[in-house]
Each structure stands twice: as C-alpha cells, then as structure tokens.
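In the two complexes that follow, chain A is the common piece, with chain B as its partner first and chain C second.
Coming up: the complex of A and B.
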C-alpha cells in the first residue's frame, strides 16, 4: 500500500513538473515569440479567452506567483485556450479528436511489438549461441539503429509509392466519412499497416535483447539449475521457471520505454500525415499555434505519466517483492 | 599479466593496479569481434566527418548541376531536386551531425556523472531531490519536450540543438551511475580514502568515477546515439536552421521537395543509412562493454559456462 501511495505521489509530482515546464518555458525565452502571435489575435478574442492566454503565456504584469496560480486554475477548470490554427476551436476539442488515433496506433503496435519481442527473446536465450541467436539480434539491432522516421519514409517509398500496396498517408480514405461502419473500419486498418509496422520494427529489438539478457541471467540462477537437474522438461523449465521471473524487468523497461515510443511516433505520424497527437504537435509548432503546442505537450506527457503509473500498479500484482518492500523493489 | 606499462610513471602499487586493469579492459574490448567492427565503422565516419569539408568535390549549396540526376562518376550520390551535389552535402552533413551527436553525448554524460554520482554518494535529502528530478526527466517524453523548446527558440542552429538535447537527456545515465555509485560506496578503498581525509569531491572524481569507467563509456555511446537521432529528428521536422547541411536537414529537403515522387532514392537513402550505421556501431561497441560488465552475458554456451563457474567456486 505504501508503495502505491508513493507511486501516486510521484504521478502528481511529475504531472506538476510538466505543467510547470509549460509555464516556465515561454517566460524564459528571450523576446517571447508567443507574444507576437498573440498580438495578431488580440481583436478577435473574447475577454475571457484573452485572460486565459495572458495567464498561460505571461503577457500581463501581475506578479509571477499570481500568474502561476491563474494558469493552474485555468488548466484545472478546463480553460485550455483556443487554437490559432483551427480558430476559434478550443484546443481541448482539437486534442479530443486526435488522441484516439495515437492511442490506437501506438498502443496496438507497441503491444504487438512487446509480445513478439519477448517471445523471440525467450527463444534465442534458450537456443543460446545457435544460428538464430547470432543472426536475429544483429539484424534487429541494425533495424533499431535506423531512425524511425527514415524507416517510415523507406516503407512509404517501397510499399506505398513503388508497389502501391498500401496507402501513403492519412488514417482513412478521403472518400469515406468517419462513421462506425465496416468499410471505414477496413480503411482505418489498411491505413494503419505501414505506420504500425514502422513502430513495430523499430522497437522490436529492444524488447528482444532485453528479454534475452534477463533470461540468460535467470537461467544461471540456482533454482533453475536445480530444476534442470531434477529433470523438469525443457518447455516447462523455459516458461514456468525462467521466463516468469525474467519478464519482470521487461515490465519495468516498458514503463521507461513508453516515452521513447511516443517520441518516435511523433515523427512517424508526421511522415504519414497521420492525424494523431504527435502530428498535431508538429503542425502546431509550424503554425506557431502556442495554445495548441502547450496543450498537446501536456497531454502527451500526461498520457505517458499515467501509463507509467498503471505499469507500477500492474507490477504490484505481478511481483510480490514490490508489495512487501523486499529486495528488488 | 604484463605490468610494464606503468614502469616509467611514479605511481605507487595501490593506484597502479586498477589502471592496469583498465588497459586490460581496453584490450578485452577490441578483442571482441563485434566491438572491433563497431569501432571500425565509427572510425570510418569520424574520418569522413573530419576530412569532409576538405575532400568534398563541390560546395554543399552550389546548385549549378542538372537536378535529380542519378548517381554517376561526377556525382557519386546523384544530385538533389535543386541541382546540388548530394555527396558534398552528405560530407558536410557528416561533419555537423557527428559534432552535434558527440557534443550532446558528452554534455549529457557529464551531467549524468555530476548528478548521478552526487546523488549516490551524498544520499539523504540530496539523493531524494536529485532522484526525483531524475525520475521526472526519465518519464518525460523527450522529443515532445524538445519540440516544445524548439517552438520558442526560432531557427535553432545544430549546435544549439545539440546543447538542448544534452541538457535534457541525462536522466537515464544519472540513474545508472547513481546505483553504481551506491554499490561502490561501501568498498574498502572508498572508506580508506575517507579516513585519509580526502575531500568529497576528490573521492568522487578520483576513487569512484575511475571504477565505473566502462559504464560511463556505455552511457556516453548511448547518449551520442540518442543525440544523433534526436538532432536528425528535429531537423527532419524542420525545426533547425535549414541552411546548415546536417543529415537531418538533407532528409528534410528530400521530403519537402518530393524526392520520393521523383524516385530520387539517392537523395534520401544515404543520410538515413549513415545514421543507421553510426547507430549500429555504437550498439556493437556497447555489446562488448555489456559483456565486460556482466560476465553472465559472455558468449559461451550455457552449460560450459556454468560448469566453469562451478569448478572455480
């Protein structure tokens, strides 16, 4: 219980840090470029919208601490400002329409990548120093060294442009209107193949090598050696004895890797013009849409932080040592 | 074990031992074929990067050639859609990208050392605060943060980007070095240094850091790779002064000038492959460092290795 409370406090602390970064950055930069953008919209905004923007970017001359309290208050009451790009749409609705795309694409391809990578890791650890163990890590390592956006670019070039097997951009066909029908679902899946494969391929080797190393460490443990001497069948030894324990560090690295996966997906979404939150962030920066920049960053950070918290909670269920505060916590 | 390396230097027995070990570590490192290949690839790019500005056949911005030409004897990597020589741009890009990557890696590793070792050595409140900071930076999505910073810094140069990347990417290294410091703190030689009245800073710099150099090296390599990837990503998105030829900006121009639709693969394949090869070289070198620090990962079969450990024990 104490562990969970601890993790919850960390979640709050890190969320607060993300909010504070958002608050401090525009005030730290020389010239405050947001101000120039802000001036262009001055005539078109309602007084309450102006107040929200002032609080967010610091154009009024109130003391810093008052500005800060106003800003946090605005965030908590849902006054996140209006997007300049999609004026006068509130940024919250822009984010609401793009977040599901990212969650679906990144979430699904990451989960597939974790499962396949972990399974491969178990396999090559067992067939240690075999053919697979020497070929697979090197090949996948080379794949992982490639920048995700370039892999995306190459996949679009080969499978989208040259072979025309898959669509080159967007999340669904322009001919269709978004509705929960079968053709739309098919189109969405079809469009998700290339970006999904990119995220899958570029993150696979991390999971595989991590699992391989954990397995090798566990296979050297006394209880596994004993079980082997006792005559436990190989399959049972591999899955029920070694893999169960070796998988725990994978869960922890999953939490840490999430931030990287999300970062990579920003670039992948940009290559495919995939209407997710990362694409929205890049577009917002190009259009100098500061309210949208701030909010997308906050949402991306919050999503990663929440996912981290969920992993911590999951870990309590998986690893009794965490619960009792014993070794390895 | 040969000890003649130290013969000329006036060091006493106690300090010469670990240094001798370090030379052996270096020899171990290169005796691993993976690490040797990795070091070779990286060395190749370093030489290209140093000589690049001198050996490039044309100016990187010179645009007097036929556009979209396939590779030929005159243009080893063809020409861009604007009639520039891709090979010359690539060489200049190697120079800049490596400087930024290695520079940000060095900054990041230095911060990781400073923060990680201090947190681990001091413990208590210092540790609590620094660890909190570490964990927050660790879970923050790095690229998103970088993009937000870029939105306020207009027309950032590659060097400025490298600085920003270095300042935001130290957390992972700091965490690793902190736990390593904590495991060294109870050792006799640290205690001896404390009792002999060495200052805290000297103990950290002269006793603790030299004993985890392989981990620092691994961290430096990861940080350099991360720096190169982050800088290329930012440049590819267009958040960098686009007139400086780095690998990322070449890819940006290839993307925005429709290299793909023109079938000009020679424009966007070389920079990406180069990043991949530099990344691969770091990973290969790291494999070897990993194996030196974690003996269980040594490349022997499961059974033979176990038999050996048991006979030794």
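Coming up: the complex of A and C.
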C-alpha cells in the first residue's frame, strides 16, 4: 500500500512538472498567437481586435507568476484555450472528439498485439526449435522491419483501392451520423480494420520475440528445472512457473507502449485520415495552432504518466518482490 | 522393498557434453551402488562431474548433455526406459534432489505454501487442497521452520530458510532416494551445521537413502558411511568413511585430499595442497588422468589407464595397488 501511495505521489509530481514545462516552453518562443492571427488577417484587424484576441488566448502582460497561476487554474477548470484551426472551438472539445478515436483504435490494437504476441512467444519458446519457432520470428521480423506508414499504404492500395474490401479512410461512413446505434458500431469496426491491422502487424514481432527470449531464459532457471523435477504437470509448469516470471519484463515494455499509444501512430492516422489525436496534431502543426499543439503535448505527457502508473499497479499484483519496494523483508 | 535391493545402481555410466570440438566426457564409466537407509558421499573438485552425475540420475540433463553409456537404475527400474508421464510420476515419489543453488530453486512469484502444495498435489491428485496445506505445515515444522512462513514469498526468507524449504519439498513425498547436490555450500558454517544436524535426524527417522555430493571432504566423511572420490569424471576410489581416518592405503588423490584437511587439534597445524590443477576434460592426460599431479606416478601411469581393483573394503583405480598385489 505504501508503495502504491508512493507511486501515486510520483504521478502527481510528474504531472505538475509536465504542466509547468508546457507553460514555460511557449513563453520562451518569440511572438505570440495573437500576432500570428494578426498576420493571418493581413492587416484587416484593428488594434482593439488584437487586444480582444490576446484576451481570448489568455495572453496578457501580467507578471509571469500570475499568468502561471491563471494557467493552472484554467487547466483545472477546463479552460484550455481556443483552437486557431477550428476557431472559436475550445481546444478541450477538439481533443475530446479526437482522443477517444485514438484510444479505441491504437489502444485496442496495441493490447491485442501484446496479448497475441506474448501468447505466441510463450508457445514458440515452449516448443523451441519446432516448426512455428522457425517460421514465426523471421516472418514477423520481416513485417516489423517495414515502416508502419508504408504497410498502411500497401494495405490501403491492395485491400482498399484494388480489391475494395475495406474503406480507405475515416473512422466511419460519411452517410451516417455519429450515434450509438448498431449500424454506426459496425461501420466504426469496419473502418478500423485496415489501420488496426497495420498497427497490429508492425508491433507483433517485438512482443513475440521479447516474450520468447524471456521465456527461454526462464526455462533454464533453477526454479523451473526444480519444479519440473518435483513433478509439476506441463501446463502449470509452463504458465505458473515459467511464463509467470518471464512476463515481468514484458509488463515494463507494455508501460512504454501504452504511453506511446497517443503519440505513436501519427503516421498511420495520417495515412487513413483517421480523426484521432495524431491526425489532429499534424493538422495543428501545419496550421501553427499553438493552443492545440500545446494541449496535445500535455495530453501525450499525461498519457505516458498514467500508463506508467497503471503498470506500477499491475506489477504490484504480479511481482511480490515489488511490494516491499525491492528492499527485501 | 527388500533390504538387499539397491536403491540406486549406477553401472558404467558415462555422460558427455556435445561441443563444437566433439563430445566431452564429463562422467566416465562410473559404477556405484547405494543401499537402503545408507548415506553415500560423492566427493571431488569443481568440474569433476559430480553435479552432472546427479542431474543424470534425475534425468534432468539439459541442452547439450546426454548419457552416452551405461545404465541408471533406481529401485531396480531403469530411469531412462520410462515414458514421459511415467518419469514425471516416478521422480520425486521415489527419488528427489536438493539443488546446489537452493537459493534460486524456489519460484519467486508464488508463496512457499503453493510450492509445497504443488509438489504434493502433482503426485497425489486425490489429496484435497486443505489436506495438502496441513501437510505443507507439517513439512515446514519438520525442517524447523515456523508454519507462519507458509504465506511468505521466497525473497522474504533467509538463505538458510530457503534451503530448508527446498529440503522440505525434497522429502515431501517420502522418496527412497534423496540426492543432495552441495546443499549447504552457499551457507555459513553455523547455518550449515544446524541444517545438516536436522537432516541427519530426519534421515534416521524416515530411513531414506542419501547420495551426498560435496567438495567438502571432512563434511561428507562425517555424514556418510561410504564415500566415493571422483576425479576427472571417474570414481578413483570407493571406501568406507571409517577407513578415511588414516592417510595410508588410499589412492594418491584421496591421500592428497586427506592431507589438505586442517587438523585443528594437532600441536602444529600443517596443510598440504595438491599441486597443479584439475585436468581439462577436452584434453585428458593419457593413462591415469591424475598422473601429472601425482607425487608417486611412474612409467605405467603415463601409458595405461589403471584397472579397477578391489581393496579390503572398497575399490581403487591406481597402478600402485596393482603392483602391491603382484608383490
């Protein structure tokens, strides 16, 4: 329990640090968003309009510390600023409508990839030098060596353009309005197939080979040989004794992968014009949409931190040695 | 089991490791018998093949090691003639082993209790979980660990306690043969003493046979009734432990080991080592493997491997003894 409290305090502290860096960095850059907006309108704005814009974007000439307090207050109360691209839509609603798509698509495909990859890793390590063990690693490594966006292009070309089996872009059919109905759900799943398969295929081998190698090391460990000697049946030996220990390093990699869910599939989302946070970030950067860029970065940082916290919680469940904080009893 | 049937019978066992340079004989033509209720010591330097021998008996050789000759019988049954399931049921029920690295022989992520219960229920499927838990508590008491530690994870126990748990697991099914592979080498002498004392008490009570493997000559000679001395994969001498109180009349290697034991009660403590190093198994000396280090080596030792010769109380593999008989 003390360990978890410790991790929780660490989460809060790092979130605060992320927020602060996010506040400081843009203020170190020359110029301000209102100036850019002013340039966009090519002198058609009056000075009073600039004042109004500055106020809207939260830029003022108050002392830094006051700005900082206002900024943190704004974050906590949901006032994250207004997007330029979708002016005057608040950044929070832009993120609110794109984040679920990314979490759903990338999050789910990552989790499926982890589960399938780990299971395959256990299997091929257990039947080491068997048929699967000689085919799978090479095949999947070949897939992983191709960049995700290229695999995405190929899938779009073959299954979207040539065969027309799957839609080539967007998250659901243009003919439908987003509502929790069965046709919409079907359309969403249908549209998620190609981008999902791309992410799944290009990350699978890492999980499988990682687990295979951990598992092979563990199978040589004394406690596995000892358990085999004492007559533990094969299935229990494979899971409770070998895989249960071999999976621990996987959990740590999983933390890193979960953190990358929000940021990691920008290219795939871009290829499929998938309305996720990665696609939104690309749009924001092209349009110099500072409030949106800043908030997206904040969301990415928060995602990494939350994922790490979740994995810390998971590790406590899985490894009794972590519970005592590693110091022994 | 009748008293005269050996619990363990090794006849001409050889174990080799496959290497890039061809097979390397780690155990070479070893024959040894362990009778019921007997403690036999197997002594030798590191790399002499003792542990390989133990793993071969348990049929636990891994990777590139394999039995290249001879037969291993436990309770009269050929260990290598059993099917996979048959072996799983036979092993631990009739023969068990305490690992050299007892510190790492326990699964770090499950409790001591689960590991004991697993052992019992893997062999006694009709035993209920609660029965198995009671039995686990008894076993811990037997090795002098408070049953409150049942719910502990291995990392919460000291080295000595972990080793006791491993011993408890080894005797859980009351096997006829327990192989102890350097069971106390990693522990300090005080803990070692208390574990070995307890082990002797349990052995006297349960009357199982023990093959005790160690490099600690004096420790083994104290525990066992008979000793086998291993050098470069061969048993060079087998003798009753009582005969090892005198230095005379043994294989020169055994003599060397005996001289290396410090006599702490003597007026003047003299320790003599054996010159040189154990031989490279890839490139064994021709003739007797010990001859380059033997102070009494002469011509035949460099040319021929000595025959196994019966002595008054055991056997020895040395040309010097052949000569004695001739004389």
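Note that in this section the second predicted complex is superposed on the first by the 268 of 329 C-alpha atoms of A that agree within 3 Å, B and C clash if a C-alpha of one lies under 4 Å from a C-alpha of the other, contacts with A are read in each partner's own complex, and residues count from 1 in each chain.
Following the convention adopted for this analysis, a contact is a pair of C-beta atoms (placed from the backbone, for glycine too) under 8 Å apart; a residue touches a chain by one contact, two chains touch by 3 or more.
In this text the structure is predicted, and so the values were computed from the model without any measurement.
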item	value
Chain B versus chain C as contact partner of A:288, first or second or both or neither	first
Chain B versus chain C as contact partner of A:222, first or second or both or neither	second
Which of chain B and chain C A:305 touches, first, second, both or neither	first
Partner chain(s) touched by A:319 [first = chain B, second = chain C, both, neither]	second
Contact breadth on chain A, by residue count: chain C or chain B	B
Partner chain in contact with A:201 - chain B first, chain C second, else both or neither	neither
Touched partner set for A:230, first chain B, second chain C, both or neither	second
Contacts of A:140 with chain B and chain C, given as first, second, both or neither	neither
Contacts of A:244 with chain B and chain C, given as first, second, both or neither	second
Touched partner set for A:10, first chain B, second chain C, both or neither	first
Overlap of chain C and chain B interfaces on chain A (superposed complexes)	220, 225
Sites on chain A touched by chain B in the complex	10, 13-14, 17-18, 21-22, 25-26, 28-29, 32-34, 128-129, 141-142, 144-147, 149-150, 153-154, 156-157, 161, 213, 216-217, 219-220, 225, 255-256, 258-260, 262-264, 266-267, 270-271, 278, 281-282, 284-286, 288, 290, 293-294, 296-297, 300-301, 304-305, 308
Touch list for chain A against partner chain C, complex	220-223, 225-233, 236, 240-241, 244-245, 318-321, 324, 328-329
Of all residues in chain B, those that touch chain A in their complex	132, 135-136, 138-145, 147-154, 172, 225, 229, 232-233, 236-239, 251, 255, 260-261, 263, 265, 268-269, 271-272, 275-280, 282-284, 290, 294, 296-297, 299-302, 305-306, 309
Of all residues in chain C, those that touch chain A in their complex	58, 60, 62, 88-89, 91-93, 96-97, 99, 101, 104-110, 115, 118-119, 122-123, 153, 155-156, 166, 169, 172
